[in-house]
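Labels for the chains are A, B, C and D, by order of writing; each one numbers its residues from 1.
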Amino acid sequence: MTTSTAPIAARTASAGTLKRALALPALLFLVIFLFPFIAGPHYVILMFSAMGYAIALLGLNLLFGYTGLLSLGHAMFLAIGAYTAGYMTSTRITNFELILLVAVAIGATVAVPIGLLCIRYVKIYFAMLTLAFSMLLYSFLFKFYHLTGGDEGIRIKAPTLTAWDLSGLDTLSVLTGPLYYYVFALLVLLTALMRCLTGSSLGLQLRAIRENQQKAEYLGVNVKRYRLVAFVIAAVYGVLGGVIIAIPVGLADPTIAYWVQSGNLIFMLLLGGYTNFLGPLLGAVVFIFFQDQLMSFTEYWRLTFGVILVMIVIFFPNGLMAALDRRRWWST
Amino acid sequence: MSAQSRRNFLKLSGGAFALGSFAGAPAFAQSPPVKIGVLAARSGVLASIGECALATVQWWADGVNKAGGILGRKVELVVEEEGNPKETAERSRKLALRDNVEMVTGLISTGSGLSVGPIAEELKTIWMSWDATTQKDVEETLPNPKYSFRSTDNEVEGLMASLLTVKHFKGKIKTVANLGTDYSYGRNMWETFMAMMKKYDMGVTPVADLWVKVGTTDLTTFVASLQQAKPDLIMSSLLFTDAFIFVKQAHAAGLTGASKLVMPAGGFQLNEMKKQYTPEGMILGHNSMYFEAPNASPLLKEFVAYYKGKTGLFPHFEADRAYSAVASWKAGVEKAAQQTSGKWPSKDEIIKAIEGISVESLGGTFSYRPDHIPDCNFYMGFTTHNNPYDIVTISPVETLNTRDYQKPAGADFFKWIQAKQFPNLS
Amino acid sequence: MTLLQAQNVRKLYGGFCALDDVTLTINDGEHVSIIGPNGAGKTTLVNVLTGLVRPTAGNVTFKGYNVVNLGAVRLARLGMARSFQLVNIFPELSVGETIAVAAISHLRHGERFFSSTARNRPVWEIVERVGAIFGFSGKLDQPAKILSQGDKKLLDVASAFALSPEIILLDEPTSGVSTADKSTIMRVLVQAARQMGIKAIIQIEHDMDIVFGYSNRIIAVHNGRILADGSPASIRARADVMATIVGRQYDHA
Amino acid sequence: MLASANILVGGVFHAAVLFLVAAGLQIVFGVQKIVNLACGSFYALGAYFGISALAWAAAFEVPAIAYIPILVGSGLLLAIVLGPSVERLLRLIYDRDEHFQILLTFALVLIFEDAIRLIWGAVPLQTINVYFAFGELRIARDLAIPNYNLIVIGAAALISAAFGWMLRRTRFGRIVRATAENKQMSEALCVDVSKVYMAVFTLGVALGTVGGALVVPAGAASIDMGVELIVDAFAVVIIGGLGSMPGALIGALIVGFVRSAAIWLYPEFELLAIYVIVITVLIVRPQGLLARTA
């Protein structure tokens, strides 16, 4: 990642600099928090799925930004999340926390074997192997329709929360109300957790692995184990994101795992700025809302996105955050 | 909690462009235009089908506006794209919540139908579907839909094709093969076909069961496998580009000489079923609209001329699906308005009016049953080369009405077939 | 007490015999210089001793474990560190962070996923101490990629030292540095070794002033075989060895 | 039994199609270490452009034997226009991490899909009557193999042979292989690497466009054919071994036969079979069957 920026600020940042450093994330979370009061229901539901993408991208950036592994198959974990929600709600288990827990369990159990295979490779081989696995899942979901519903997929009914009694509300007010803030809390929690992980020895050692695998090994960094840890954490975040993204859609179907969706996830990451901890959050929000407007504006929105991605890759590799976070408080 | 705040913080003005054209439209009263949301596929396999249906809706809107609009209000189309289920769900919510359209019409793929159906009910927005119906769609997901009006059951085409097969090939065929399109529609067709073969104890044994992924462009291996199986008759539910590519490559390999072909939905690709490689005597279905229907209505003739002029192609049955959806809704609005003395009726009143309504659509009379499933004509027949075009046409044209060939509301399809006495075909 | 032992080690690259039947032991308190002409097999020897390269025959044991089966990570944990001939650093990481990676391994804090590294006092104490010894105190926050070539090499060595290993193998630590600075670097290495409690240093070296000035044992390697192995005085006395290795009589003042 | 010969030919035909695209992917990766996600899009563009070229030529009542040269010519022409311009785009980021090069080609996939619909529209297109213009090889009463399929197989074999000969025998081939082995060294020996990269990338694109043009008469051109084909081409290249041309041939034959066998024996398994093979190869022999060590 020759274009990355300088490392995290000096160990003991003074109070002033810390305050300024927190301004950016605080603003971002404030906007998301206040969104249901300031925007119409359509946009609030868009933000709902943007939060799902943000969570998935936080995990993916642990792989791409921190460990330097480009996964072209991360959408398979979105699909695992969606189908878990589908299977559970269709057997009348609609408790949201339970769905998330089961999704995490399944995501982790799938991610460990796949991770063990994939982390032995880097660069192009890792990208192609992850792509092959996601297309394997796509074909399975598509072909074995007795189990997975094939192209029809599986219906996802609106989940229920233990703390809140949602029975009185219709799906729209659930999505723009209590469930929105539940997912918001989850986003804050998972962002804090990821911040803690990347600030811990794991974060530093993953970056060392990214920079120079051999040197890291000779300094006692267990490359295989930490790459697997990063892969499984990324998968778990991906599965959680998958559950959240699928709820407003109300359907888990094979197209979620198609390889072009994994490409879009990386696009969002680049748009936000993968060399920045907050890149995933900003990338998800900007991409979702920009796509919403672009799709209504022109039927050739893929062409426009393609051109934008070319511009980002060539001229703005560090994405939007590089412009916003001048002092690089949050760089990976 | 969900604030309906008017002050829209993001001021992301809906970029959706209005489509109704103005050529010679009469001056409209100051009443606001009636916005109709259109979800049309623009990319991937469904692109050509979506574009045909969209062109039909646009033609319908121009006609309506020229004749004074609906209850004096000009029709304005807000077009969005039918993509994968996630994108389609977002677009349908945008139409309902952001553009607050009066009604949403569209959708061809089953996946997007399954996600938009519940959203239409949730947002209390009338959805007049073009296609997007499968067995599963009907049973569990929307047991008694209020705002969604869906299309005919999938199996109708399979039923009719089976009856034609029984009528013309009973005793003449021993072995059959399936070349199914690999999604729910294809499975429904094959299950229906085999159930009908059993009902009329045709004594046929299936010798091949092949499934083609939608959009495949190289079917040489499928053709070769069918030649290996040597079936007397091939029932193929293919309906996308793979449909005519199969016929073309089958002809090249001599398969169409040996086996009879049944393509209940092949009419989707009527412009590509060239005489050059499409055999005569193939059962070809045109669903609810055949551009050369025997007693074609002036409406159909006018539309076919318009469409051929605009695109150089003949319209396929998605045009009728689109036309019947929007025309039924307009008729429903106007019928409901009689009770409300000309005032724009409420959604519930419109829904009640549409149930049981029947309109003159491109493919003939089209009416909605109380359970929101339509009844209409279906056209099927044996292909022939004697026509002035470079494509095959069908003759004689069997016109069958779904009243006799579509299971009643809530019935189990396979039990219904066993019991039903189908009228014998002409 | 023997730290590192090589038994009848042979290494063939296709037909070429890089190491031919090498047996040696490294003990506590030794500062070994490995000398020999280019292509004599010095780097191959260090690579075999550190498990980077698998010997064709024979084996190398460190604290009773076979070096090759251990792998670099467990070797580092057990107390063996090395630097590389070509500079091996983390370009995007800061100087402080590079040293911190080694400190974390040494302190076994590698699994502390939920405590912030920035507030981990023991790690940064090692970083500051090693940084001070190697003269990086002012540059701890600079990304490694903008350091000079010499500083990069020094950082590579410094990070190896930060592991506080028992034995450290250095592949030409002073190469590419002006002769004036060579001795300052050597003084830093010796001082660091003493402060970090390093028991043995093995150093590939070409500069005879350094070899005879600092090491207390010299191994002369030629054509993959050990020509001579002994104290600096005994090696200098061997005219044949000095002729092949140095090419002339060397009389260190 | 004869019919199973037909399945064999079907498998070889599918393999020929896959080989043309995979070879384009392979040569570009071999030399420039770039995995071109847009190889399928060039294939689709070649198909559409081939249709337009033939339609244009039909206006001049061109004889049947001219069809193949027109198709191949249109593919080459398109490659000469597209190849250099895309390569110049990639050149801006050669110094960057290879992830960025893959992502740039992903952007091209998005661009080309819409560009095709913009230029040629959404309705699937067919060429004028080429497929039947070359008659057929009658094996039995109602069992024939269209000669056009054999022509495509022949063309693919010819192209792979010419390719192999070019790489091994010609001076340009040696330079290409040298640059593949060690870019710095060949630069030091005053090889203008940027010209080699341009030529190689254009060659890769040409394999895709010519492949698309040659194959389209047997079927039709549809918008999403590019996106679908990419995944199969990946499978071929992984199985055969990244960077090895003979590997692309072996990989294409394996995928071609596995697909036709699965279609006949166990349809559910058709799609899955390919990916299972890919993953087993990547685990057992990561560098692929024929490539040198990874």
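Note that in this section a residue touches a chain if its C-beta (ideal position, glycine included) is under 8 Å from a C-beta of that chain, and two chains touch if they have at least 3 such contacts.
Predicted model, so just to flag it, every value in this text is computed and none were measured.
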{"item": "Common touching chains of subunit B and subunit A", "value": "D"}
{"item": "Relative to subunit B, chain with the most remote C-alpha centre", "value": "C"}
{"item": "Where subunit A and subunit C are represented by their mean Cα positions, the distance between them in whole Å", "value": "43"}
{"item": "Whole-Å gap between the CA centroids of subunit C and subunit D", "value": "51"}
{"item": "Distance from the mean Cα position of subunit D to that of subunit A, given in whole angstrom", "value": "34"}
{"item": "Subunit B and subunit C: spacing of chain centres that average the CA atoms, whole Å", "value": "76"}
{"item": "For subunit B, residues that touch 2 or more chains besides their own", "value": "42-43, 213"}
{"item": "Junction residues of subunit D, two or more chains touched", "value": "113-114, 117, 268, 270-271"}
{"item": "Interchain contacts, given as pairs of chains that touch", "value": "A-B, A-C, A-D, B-D"}
{"item": "Subunit D residues within the subunit A interface of the complex", "value": "29, 33, 35, 37, 89, 92-93, 95-100, 102-104, 106-115, 117-118, 227, 230-231, 234-235, 238, 242, 268-272, 275-276, 278-279, 282-283, 286, 294"}
{"item": "Residues of subunit A that touch subunit B when the two form their complex", "value": "35-46, 49, 142-143, 145, 149-153, 155, 170-173, 176-178, 245-246, 248-251, 253, 255-256, 258, 289, 292-297, 299, 302"}
{"item": "Subunit C contact footprint on subunit A (complex, rising order)", "value": "1-2, 4, 6-8, 10-12, 196-197, 199-205, 207-208, 210-212, 214-223, 226, 229"}
{"item": "Subunit B residues within the subunit A interface of the complex", "value": "1-5, 7-10, 12, 14-16, 42-43, 80-81, 84-87, 89-91, 93-94, 96-98, 109-111, 114-115, 118-119, 122-123, 134, 136-137, 140-141, 182-184, 187, 213"}
{"item": "Contact set on subunit C toward subunit A in their complex", "value": "50, 71-73, 75-77, 81-82, 84, 88-94, 96-98, 100-102, 104-106, 109-120, 124, 141, 143, 156, 159-160, 163"}
